[in-house]
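Following are the structures in question.
You will see two complexes here that share chain A, one where it goes with chain B and one where it goes with chain C.
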Partner chain A sequence: MSTTSPLRPRRSPLLTGLMILYLAYTLIPLLWLFLSATKTQGDLLSSPGLWFGHRFALFANIRDTLTYNDGIFLRWLGNTLLYVVVGAGGATLLATAAGYGLAKYKFKGRRAVFAVLLGAVAVPGTALAVPTFLMFSHLGLTNTVWAIIIPSLVSPFGLYLMWVYASDAIPHDLLEAARIDGAGEVRIFFTVALRLLAPGIVTVLLFAVVSTWNNYFLPLIMLSKPNLYPLTVGLTQWSNQATGVGARPIYNLVITGSLLTIVPLVVAFLLLQRFWQSGLTAGSVKQ
Partner chain B sequence: MHRDTKGWIFVGPFLAVFALTFLAPIGYAIYLSLFREQAFFGGNVFVGLDNYADVIADSKFWESFLRVLSFLVVQVPVMLILALLAALAIDSARLHGASFFRIVIFLPYAVPGVVAVLMWGFIYGDNFGLAADLNNLLGSTAIKPLSGHWMLPSIANIVTWEFVGYNMLIFYSALRTVPEELYEAAAIDGASALRTVRAVKLPALRGAVVIATIFSIIGSFQLFNEPNILRTLAPNVITTYYTPNMYAYNLSFAGQQFNYSATVAIVMGVITAVIAYVVQLRGTREAL
Partner chain C sequence: MKTSHRHGLRRLVAVGAAVTAASVLLAACGGSDKTATSSGQAQGSPDAVNAALEKGGTITYWSWTPSAEAQVKAFEQAYPNVKVNYVNAGTGNDQYTKLQNVIKAGSGAPDVAQIEYQALPQFALPGSLVDLRQYGFDSFQSAYTPSTWTAVHAGDGLFGLPQDSGPMALFYNKEVFDKYGLTVPKTWDEYVAQAKKLHTADPKKYLTNDTGDAGFATSMIWQAGGKPFSTSGKNVTINLQDAGTQKWTGVWNQLVTGGLLANIPGWSDEWFKALGDGTIASLSVGAWMPGVLESSVKGGAGKWRVAPLPSYDGQPATAENGGSTESVLKQSANPALAAGFVRWLNHDGGVKPFLASGGFPSTTADLADPAFLDKKSTYFGGQQINQVLTSAAGSVVKDWSYLPFQLYANSIFGDTVGKSYQAKTDLDAGLKAWQDALVSYGNQQGFQVNG
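Let's look at the complex of A and B:
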């Protein structure tokens, strides 16, 4: 990291103070969520929001969340992982290959590809949801995992990022040298290009993981069987259950389940920050 | 650049899935919008642009449209200015622990939108939320984030909380690409910190601001998750046509009016695309 000014300005307590205020706004809801996950339902109602309750019930809550309704939460977690691994993994692979192809080959129709992609990105994703649902239901794909996985495979933002990244990260001479050595195009991609693209790939993968992990609208319309739900749809169903007529509210499970849903992504972002931050910076060079 | 049709090997698979999940649904939606279900006889009849005429004359549609419009003219500037200030502060080298601020402010982006809404929904609630605590503290009942006029600002707060960090990172990444020589030149000219921001940093951010604005506008017009989830907490405040997207959704999945729903979706898509295009044109022509 370099400083942006050659003069190395003095640290400002005022600026730091203002940023701490914003930090509080960012963190207080998450703190509330964590503290609430440590409370029993009774304590939720009777204790202050930003402090612990009488009993520290975090582990009891986690156990209840994981075992409620024959462990349906674990099933939802497994579904989410499946959608993330296949959907985000596939999206990253497709975007990487296509970005590389657009950046490093000049072929007929390349400009048309750009035009179509840019046009399509402006179309609101949810405008596509209803027709996609009807199409998939004709094809017999609704209420299957494919209804979630196939639409997740396309990431125009990922393609854009990989295209910009590949333009800079892979020298043409290196590809030419590999061609002179007699390597095929596909082999060059897997043996030469992929390694150079690694930071860009981590960035695209991470953002694809976030968008599939957080996917709500698509599974909401595509799936009606609870055993196919991802965590997002499952949690809202639990939450709705609390307000239904004659239903037993399970606030503590919704809150603890929410906390458990956040943790993996936060950990992934913290552990991988070196990679995705460098990937993003490179991606913005050509804005 | 290598002249070779072999480029299609790499672009082809992406385009195939893209055609299936983007182009085909768009085409199908256009097709649907030109037909109407016969109430008594069954089957679809071709009605030309009648569905579009109905949407244009539909007061529910315009009410929902104006609601997201009023939402976005306030929420998007507030969010982007907060993100811009945070990015400038983190980039200024005047901050203690700048990298810590950067990662923590970004964190809400990693929180699934659904969880963010559930969490804020509880916090807003008068059962065991912070709103209830605040009311107890003040001895009032004035703070009701989930009622009438409070609802839209409450939703705006959730969206802002979720996306300031993401936009901050876009701006921050753009700032990192400013060449060191520009800062040196500014320093030699004796430019103050604020002058450097105006003359060097803001121009460098223009492209990023245009992109962030377009994405935010598209996001606002698509508003769905937040009101749809909060609806269970406040069914009397949030109607089935609270936003255009909720309207399209409820037409389809509660009303089985697929043709009309597709028309609403297309009209919204066209409006969004036109506005995004205008913003892009203005953004690339005018200085900040």
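Let's look at the complex of A and C:
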């Protein structure tokens, strides 16, 4: 860009303007969500979208959201947490171990694994939901937490990322040195490799957490018991109450519930963002 | 260069092989569905139902009706040996998706499920539901309005008992009508004239909204005397250009091309808002609407009124819009008990709790009940709305039927007819596109479709 100092580019008013526009574009939906969550069902339908209603009902809404239908929202929140901790946590663990193994050990069939892996990355999970349902149904696993957890454990993209990251982040010489010092392979993995892989692990974990937290189609298909629903499916069910014969719209609770649903994700991002940024560029530069 | 090229090619082949293997796997999974127990069905009898209710057992019930929980409680009190697992598996399409999946999987279906009239053929004709004639339920015919009784049949079979009905009427905001000097239309020509008058007087106000809704469009074609869909075994005929359909588009095209319809999708929060503040001044909708208005459009209290649906010649004629039945699934391990639950729900003790939640009855006895008929509604300014709505129930045009793949049809309505709505052009072109898509889909699904 600049001819004098490539490391400190000049400020561009155009780019700054674009960034401000983009910031507004990203923040306005969040602002709308917050403002709407402060309104009663009546105000929601009779006051402007981007300002407060006649009454500040945020706390009443939160209370109603948490107690509606005998507090089913808390149950859904607990379910989502379970699916995220076990599903996304397990997926990260598996992806890390497998990625490390594929990157650091030479064995027959590695290419085949790579090919299958690329194929699996290319197939969107949504396309597999119905076949998975039929398979799980034969196994008698639908309508159980396993129907959500087991498919979440598989993260081809996470595995791919860990593979690439492990190839670059762990020098072969280091492993050699550890072996010469008499460390076993398991010990090398847990004491040496895991530490070097930390930024990659956080990245994969964040990807897995986000995708499990937002998982909608799979639980929609797998579960027909409302007390197993994650938040995504539960909130949709609330939203759909507003339709047709016997409609009971509770948009204020749907919106407050959505706000509560994104809070943990926002917190996770703020806490882990520096890892996330360093992990995003993993493998993009060859050293 | 050369080696890396070969390298890449080899990798590509390997990936291709992997993907092919995956899709073969998929096909294998998809193809292994069981359609067992479609023919060899045990014969039941009315006595079997009573015996099953006495003996007891456990059944699962899927429904999104607001009164379902209260109904299940009352039922378990009446039949203490029976336990009902009530599950709200989603509203409308969400539940149907699940139902279709568990039917395909061969297990996991509920014993009893709520199914809308428009979706019934789709589940009944492939043999997923139990024909209730074996339990003598065909003797209940006189208890229901003719239109709902027809709606629970598919072919010759009886696949449920009507839960509610939705004969259409014209709901209008009297305050807006008075302010702009509108008259309550008796014919659709008058209706179009009022739409023009209102929108000219205040460009922010519309007589009604319609952004292209399959349920509404089919009901309007029904009222106009159209019979675009007919099914006989595997033979389906689709004609969305028959005389009745054209009668409807003749009127509705004037509203669409004239920009006289509010561009607000039904059931959105904007729609609820518009019903309260007078932006939408009238609705042609099923008789179950008062309950929705009372509970969710508080701003409209005292302003709304009901009139018979306008017709083409001023004579009373209407159609059903919405409404559901409860059906027994073939997968049920105890169909006699499930049938007993359905009988109680929609024929015996379940009717009162349903009506208490604001539902509109399909049972002739409740429709004729003076306490129901003469009730004055404060929301409707003291009007005896049930007199208008019950007389609508008696003037539903006969012999309508939905497609055996109506849910799919509704799902692509927006991509075809919806385009005409958005472009404000001739609906007939959109209906034609809809018909073409339906014909090719039906043929793919193994029907013989003429259209």
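Going forward, the second predicted complex is superposed on the first by the 275 of 287 C-alpha atoms of A that agree within 3 Å, B and C clash if a C-alpha of one lies under 4 Å from a C-alpha of the other, contacts with A are read in each partner's own complex, and residues count from 1 in each chain.
The definition used in the following text is that a contact is a pair of C-beta atoms (placed from the backbone, for glycine too) under 8 Å apart; a residue touches a chain by one contact, two chains touch by 3 or more.
Predicted model, so just to flag it, every value in this text is computed and none were measured.
Taking chain A as the reference chain, the count of touched residues is higher for B when chain B and chain C are set side by side.
Within the superposed three-chain model, A:269 lies in touch with chain B and out of touch with chain C [touch as defined at top]. In the superposition on chain A, A:182 makes contact with neither chain B nor chain C.
Shared-chain residue A:225: touches chain C; no touch with chain B. Once the two complexes are laid over each other on the shared chain, residue contacts for A:251 go to chain B and to chain C alike. Applying the stated contact rule after C-alpha superposition, one finds that A:159 touches chain B and leaves chain C untouched. Legend: residue contacts after superposition of the two complexes on their common chain; A:142 is shown touching chain C, with no touch to chain B.
In the superposition on chain A, A:48 makes contact with chain B only, not with chain C.
Legend: residue contacts after superposition of the two complexes on their common chain; A:130 is shown touching both chain B and chain C.
Shared interface residues of chain A (contacting chain B in one complex, chain C in the other): 44-45, 116, 119-120, 122-123, 128, 130-131, 133-135, 221, 236, 240, 243, 251. By the touch criterion stated above, chain A contacts chain B in their complex at residues 1-13, 15-16, 18-19, 22-23, 25-30, 32-33, 36, 44-45, 48-50, 94-95, 97-98, 100-102, 104-108, 110, 113, 116-117, 119-120, 122-135, 150-151, 153-154, 156, 159, 172, 175-176, 185-186, 189, 210, 213-214, 216-217, 221, 231-233, 235-236, 239-240, 243, 251, 254-255, 258, 261-262, 265-266, 268-270, 273, 277, 280-281, 283-285, 287.
Looking at the complex, you find that chain C touches chain A at residues 11, 14-15, 17-19, 22, 25-26, 29-30, 32-33, 62, 64-67, 87-92, 94, 97-98, 101-102, 104-108, 164, 166, 267, 269-270, 272-273, 276-277, 286, 288, 291-292, 295-296, 298-299, 322-324, 357-359. Within the complex formed with chain C, the chain A residues making contact are 41-42, 44-46, 111-112, 114-116, 118-120, 122-123, 128, 130-131, 133-135, 137-138, 140, 142-143, 220-221, 224-226, 236-237, 240-249, 251.
Looking at the complex, you find that chain B touches chain A at residues 1-11, 13-15, 17-18, 20-26, 28-29, 32, 82, 86, 89-97, 99, 101, 103-116, 118-123, 127-130, 132-133, 161, 164-165, 169-170, 173-178, 180, 183-184, 187, 193, 196, 207-208, 211, 214, 218, 221-222, 224-225, 229, 232-233, 245, 248-249, 252-253, 258, 261-262, 265-266, 268-269, 272-273, 276-277.
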